[in-house]
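Following this line, the structures themselves.
The following pair of complexes shares a single chain, chain A, combined with chain B in the former and chain C in the latter.
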Partner chain A sequence: MKIEVQDVSLAYGETQALDSVRASIDGPRIVGLLGRNGSGKSSLLSVMAAFRPADSGTVTYDGQPVWENPVVASQIALIREGGDVHGEDEKLDEIFRYAAWLRPNWNASMAEELAEAFRIPRKTNLDKMSRGQRSAVGVVLGLATQAPVTMFDETYLGMDAPARVLFYDLLLKEYMERPRTFILSTHLIEEVSRILEDVIIIHEGEVLMQTATDDLLGQGVAMTGPADRVDSFVQGMNVIGTRDLGRTRSTTIFGGLSASQRIEARELGLEFTPLELQDLFVHLTTQKEVRR
Partner chain B sequence: MSAITSSSATGTRTWRVPRLPLRDWIFITLCGWGVMLLGVVLVGNLIDHWAWIAGLFGRDVNDISVTSSIWGMMSGVTVWFVGFVTGYYLHYYLPAFIANGRTRRDTAIEAGIFGGVLAAVASVLVTVGFVYERVVYAIAGWQRGTPGDTLYQDYDDYGQILLVSIAGLLMWAAGGAMIGSSFYRSNERGLLSVAIAFAAVGLVGGASGLAGPFAFVARQFEVDRNLLVSFVAALMATVVLAGVTWWNVRKLPLRNK
Partner chain C sequence: MFDDHSPIYRQIADAITRDILNGTLDEGEQVMSTNQYAAFYRINPATAAKAFQHLVDAGVLYKKRGIGMIVSTGARERLRQEHRQRFVSDVLNPLVDEANAIGMPLSEVIALLQALAAREDAAR
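Let's look at the complex of A and B:
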């Protein structure tokens, strides 16, 4: 399924949450929607799932607009931390009963297995559950719904580390068995980077970049060595960050190194190390001018 | 994965009867109705019991015996119940359904079906309640008297009771839906909608004789009441209130709790 976001803008009063956002996802893919707090991730997902209308622009799935389109809407699941269930005082069985009624591809046996795996209490009302347990309910709903496009809007952040690892493993397993598009909105980048095929980085309501994760990782390099040599080497390159430790300087460049540049760097005695996705994200979102 | 096909192209209906919430809420309605039926017997016996005690103190027990319809008074709660439930449906169920892949248009139609069916079921239960009360009163030897500020002239006029109930309850269901959807949008809009809803059900209900809890309004109107005119007036108020509800729902942004 091909998702096209075309010039979507959204404002809350004076605050411009999204500004002419454009993005394209050709599924099945696992896509990370990365951005700092308040960057517009949730707003973008809300518009993509028709949870709210955009002020302008369109979102289409295989060429059809999502807004008020019953066929398209039924193929999309956006899971938010609140769970979006009909009653906060409901127990898990009741939540599953309604999910089965609402969702055409609901997998009841899978929901039961996942509830067991995440140790979600059966006799506790949703509003009495811990944040981690509520997050787990969201994760179970998202996976068992088996919608062709499933988006998790930081749903799993309330879960503890072992539960999150279990979620990533289950999501990958699902993706292998039933390929479909997953979009994960998160700022826990290091954890999730291993499963992302593509990333969309959003910053201050604009898409900073959209690219394959591997391509992005090859772009960020930290050059370390004596300050004067590093400065001389990076001249004319796209520098997105610099740190000094005594006379040693570490300068981060964006754009990768060619084979000849690598040889030159070695000859100058400089070390070059590829950046982790999270480091790259930090540099990119604090250096807004670095854009494609 | 297959490509998406347009529903408008295939011409298929996309809304459906909200069976699950209807089943749940009709069950709750039946439970409440059962309690109210028991209440008729209990309240009637309490009044009788009180009359016996009062007789010991030289009071005229005829002043205290059951001389009016207990069900007529108790069933007044029905309009509040139906209004509350449809408001609850619009405030909690409808957004959850939209979040689960339904459109606003379809969920609004389903909400209309929900409110209509609930009002119809409640009307039948109110009417059956009067039948039940007649039997209880006959056995106990109590008197029901005559109805007050209502369109029906007799507690045994079940056809009129049914019509009056359904017209009034539909109006209250639409009012509840409007309030529920307005509070979902914002508290300010919700408070305004309460004023509008009560003005509508108070004025139309009172003037038409579908009085409900607004009997005091009914007494201000010196008009010849006609069942058909009242029914049409109530339906018109229902359509207006439902229209405002749709205005709330058609571009409803879902809150992030």
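Let's look at the complex of A and C:
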């Protein structure tokens, strides 16, 4: 199950939402799609799921174009924020019946189990549900559809913390029992970073990087100590941010530290702390010079 | 749960290492699977697999076909040796730094250690 995004561009009038985006996801794996508001995350996922055509470029699934290809489209599920599904004025039973008709791998017993686990009301129309309940409907649809590629576009943002933890647990369980590809776009980077094998960072319609999460995490390091010593240490390094507190300076570098640099830093009495994914993301999407 | 100062896979590997050193895991015993570790720590199974691979490369674990990961014979003694070699850099140097920072003479630290040793002897 390999998805290839090849030079996909998309504009809404004057606004360039996606600009020659390239990405490649060779499953099964759990991938995070990270980007700021308006960065193009949802546009990219919509094109990948064939919800809309690209202006140029193609998305293929195992070599087959996804656009206007019902066979391939049935292998890909996109769940959008708030669980916008067929039937705003319908109850859960109807929504499940429709999914069963539409989705070849629909797992009805799992859907029932999950609906209970998330305590989704059975007698309430979708448009009368709370935001958290609507998100839960989306999550249940996404998991029970059992599509080889399942994309959650900020689906679970409306859920409270216990419901999100339940979602992460269920997602991991599903992934281990029936390995397939999950793509999660989210703002809640910190709590999801440990389940992501790869991340794709998108910024202003372009892919900033696609990499293994573990590799990325070793790249960002905050060097803290007396300003003059920090400055001399980071000379020639890729500096992506600096903060001062009195005479103490904390300078963030991108590119990791070698073993000898670590020893040097220790001898200089500098503290070095690896950046969490969210901090790294903030630096990468607010600094322009670190592009690629 | 994690201190965020080293990659998660290193922390998982360290946790398994500690279990072997303190006897929670015996040599020849089976370690929980990568999936069980992944579910428990809520991490990607690839991260847990990386921790296991790290320990296999170090000769601490070996893979038994159809069963899973087993603690190697002699792993505990080897880990003890390794950790003893790192004891000065990992434990004593930071201790000396801390004593210096708070103005505690090393003679006082030694006296404290001797008192602790006496208490341990008495408890035996």
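We adopt the following convention: the second predicted complex is superposed on the first by the 290 of 292 C-alpha atoms of A that agree within 3 Å, B and C clash if a C-alpha of one lies under 4 Å from a C-alpha of the other, contacts with A are read in each partner's own complex, and residues count from 1 in each chain.
As a convention for this text, a residue touches a chain if its C-beta (ideal position, glycine included) is under 8 Å from a C-beta of that chain, and two chains touch if they have at least 3 such contacts.
Quantities reported herein were computed from a predicted structural model and do not represent experimental measurements.
Visitor: Fit or clash for chain B plus chain C once both are placed on chain A?
Guide: Superposition check on chain A shows chain B and chain C fit without a clash.
Visitor: Is A:P274 in contact with chain B, with chain C, with both, or with neither (first, second, both, neither)?
Guide: After superposition on chain A, A:P274 lies in contact with chain C alone.
Visitor: Compare chain B and chain C by how many residues of chain A each one touches, and report the one with more.
Guide: Between chain B and chain C, B touches the greater number of residues in chain A.
Visitor: After the superposition on chain A, what is the angle at the C-alpha centre of chain A formed with the C-alpha centres of chain B and chain C, rounded to the nearest 10 degrees?
Guide: For this superposition the angle at chain A equals 150 degrees.
Visitor: According to the stated criteria, A:L196 is in contact with first (chain B), second (chain C), both, or neither; which is it?
Guide: Second partner only.
Visitor: Of the two partner chains, chain B (first) and chain C (second), which one does A:M237 touch, if any: first, second, both, or neither?
Guide: Neither partner.
Visitor: Is A:F51 contacted by the first partner chain B, the second partner chain C, both or neither?
Guide: first
Visitor: Identify the partner contact of A:M176: answer first if only chain B is touched, second if only chain C is, both if each is, neither if none is.
Guide: After superposing on A, A:M176 lies in contact with chain C but is clear of chain B.
Visitor: Quick check on the superposed pair: does A:L188 touch chain B, chain C, both, or neither? Answer first, second, both or neither.
Guide: In the superposed model, A:L188 contacts neither chain B nor chain C.
Visitor: Where does A:D214 make contact in the superposed view: on chain B (first), on chain C (second), on both, or on neither?
Guide: second
Visitor: Which of the two partners, first being chain B and second being chain C, lies in contact with A:L157: first, second, both, or neither?
Guide: Neither: A:L157 stays clear of chain B and chain C.
Visitor: Once the two structures sit on chain A together, report how near the CA atoms of chain B get to those of chain C, whole Å.
Guide: 18
Visitor: Based on the A-chain superposition described above, do chain B and chain C contact any of the same residues on chain A, and if so which?
Guide: No residue sits in both footprints.
Visitor: Where on chain A does chain B make contact in their complex?
Guide: Spelled out, the residues of chain A in touch with chain B are 1, 27-28, 42, 46, 50-53, 61-62, 64, 68-78, 80-88, 97-99, 101-104, 147-148, 179-180.
Visitor: Per the contact definition, I'd like the list of chain B residues that touch chain A in the complex.
Guide: So the residues of chain B in touch with chain A come to 1, 3-7, 14, 19-21, 92-93, 95-106, 251, 253-254, 256-257.
Visitor: For the complex, which residues does chain C have touching chain A?
Guide: My answer: residues 4-9, 35, 38-39, 41-47, 50.
Visitor: Which positions of chain A touch chain C when the two form their complex?
Guide: Residues in contact with chain C: 29-30, 165, 168-169, 172-173, 175-176, 194-197, 213-214, 217-218, 273-274, 276.
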